[in-house]
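Here the chain labels run A, B, C and D in written order, and each chain numbers its own residues starting at 1.
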Amino acid sequence: MTKAKMSVAELDAFLLKEFPQAFAAGNITIERADGDSCRIRERFHEGMLRPGGTVSGPTLMALADVAMYVVLLSAIGPVGLAVTTNLTINFLRKGAPGNDVLAEARLLKLGKRLAVGEVTLKSGALPDPIAHVTATYSIPNV
Amino acid sequence: MTKAKMSVAELDAFLLKEFPQAFAAGNITIERADGDSCRIRERFHEGMLRPGGTVSGPTLMALADVAMYVVLLSAIGPVGLAVTTNLTINFLRKGAPGNDVLAEARLLKLGKRLAVGEVTLKSGALPDPIAHVTATYSIPNV
Amino acid sequence: MTKAKMSVAELDAFLLKEFPQAFAAGNITIERADGDSCRIRERFHEGMLRPGGTVSGPTLMALADVAMYVVLLSAIGPVGLAVTTNLTINFLRKGAPGNDVLAEARLLKLGKRLAVGEVTLKSGALPDPIAHVTATYSIPNV
Amino acid sequence: MTKAKMSVAELDAFLLKEFPQAFAAGNITIERADGDSCRIRERFHEGMLRPGGTVSGPTLMALADVAMYVVLLSAIGPVGLAVTTNLTINFLRKGAPGNDVLAEARLLKLGKRLAVGEVTLKSGALPDPIAHVTATYSIPNV
């Protein structure tokens, strides 16, 4: 049983429209989303790397932002105007070259006006996180 | 089996000397610290409240800072010169009046120069966190 | 000409009631507040120090939080229920022992629901900041 | 007279090698960099927008990250291994469609191991910032 207000298929369709830059390339997959947490995967591609083979900061920030939006949508349904107001990222480790990047987001608070969550980013199956994010979304009056 | 380099008794003695303002009053207790995570408790006292009965922001920030220091000390041993370089707190909910405040800290990264952790703050036995913190400590060369 | 909705005397009276722990001791003075920015001073006292003579992190976080509240009140008038939702502090340098701490806050955004500001903290007349804060306040519907 | 250890031409050449994804497209220009602060410009292009015409969060985070790196390089010279350890962004306002995005970065601290700075992001000539960033870079031992 789940609290999710949108299925993964509904999320996919909604996000393809809302975040075409992130989703149209087909690199990002929603693996699960249950209204409290979600997991998304960005398939490895050369465009995510900096020279030296590190996953770039903007790649991680963008993926974390998408993960927060996915878990929020799964909690409140298709609300297109929610916007990130604040995001803090700590970069922790380099990932391994060639690995997908996984983002697990979890809601810490779901209020009427604000939602706060945290996102843990990992490199493939490596156990230690490569980055950690907290972010706040502002939810429009509906 | 634990990775802790200091016992709770050793941590208590060290912190009483290092953070006398926080520890001398006897309100803060270390419940456990294992080198990866710790839990500390601040006993309810009127001084932690704002008018209206909310636990004050500075109380939560100070307790989170102590919790990060406790888990770091338990991981690396008695290093007095570690300093917080960065702290981000999200205030999530009001606690219940009269409740102790609990802080659970967890290391996200323990490097040679920097340690990063997160702290979840709760009000007594209430399940939902009242605040969430990420913080970075700079570790001196030793 | 100023945009301030409250004079310094009105702010003093309001804050003494709202933040008695911070203001009743008489250590904090509002030097100016004009609806866009403010400057407040915490007079040196031993209670603000950690062993070694550094100003403690919680002292700086608490003072920054008060400075943000002062500039917000001066912009919107006496709204008692505004609450900090997020605060990020970067600790930059040690101050000089014996110095007052000065906090200059500036609004970056004043929206209907959220206000965002930054605070620069200095040690007496030393030119370089000892800490920098960004914070978000949630403004209640009135 | 400037404290800059690299000219704008030297910075351009270095960054084209280090951040080819950001610089090879030719959208980003360094307008000035003096060892304390810098200003960079990202020319408007459709790829920076979300549906609805807002500049996307990842665009702003990426540009702020580059601006911090530019001011740091101008202060310490060509050090390729400096990495962002922490970044906090507050999204403040929508920009105007069609506008370039400008990022002004300023060092708050330049230590041996860590540099901390803030970045103000604006939309063309509009006076109010659209986002504000603080970030920490870790500087390798050299």
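Assorted remarks:
Rule of thumb we're sticking to: a residue touches a chain if its C-beta (ideal position, glycine included) is under 8 Å from a C-beta of that chain, and two chains touch if they have at least 3 such contacts.
None of the values given here were measured: they were computed from a predicted structure.
The chain pair B-D and the chain pair A-D differ in C-beta contact count, and the higher one is A-D.
With chains reduced to the mean position of their C-alpha atoms, the one farthest from subunit D is B.
Averaged C-alpha coordinates give centres for subunit A and subunit D that are 23 Å from one another.
Between subunit A and subunit B, the centres computed from C-alpha atoms are 28 Å apart. In this assembly, the C-alpha centroid of subunit B lies 34 Å from the C-alpha centroid of subunit D.
Residue numbers of subunit B whose C-beta contacts span two or more other chains: 85-86, 88, 90, 116, 136. Those residues of subunit C that touch subunit D in the complex are listed here as 88, 90, 92-93, 108-109, 116, 118, 128-129, 132, 134, 136.
Listed in rising order, the residues of subunit D touching subunit A in the complex are 17-21, 47, 50-51, 54, 56-58, 61-62, 65, 83-91. The touching residues of subunit A, when paired with subunit C in their complex, are 85-86, 88, 113-114, 116, 136, 138.
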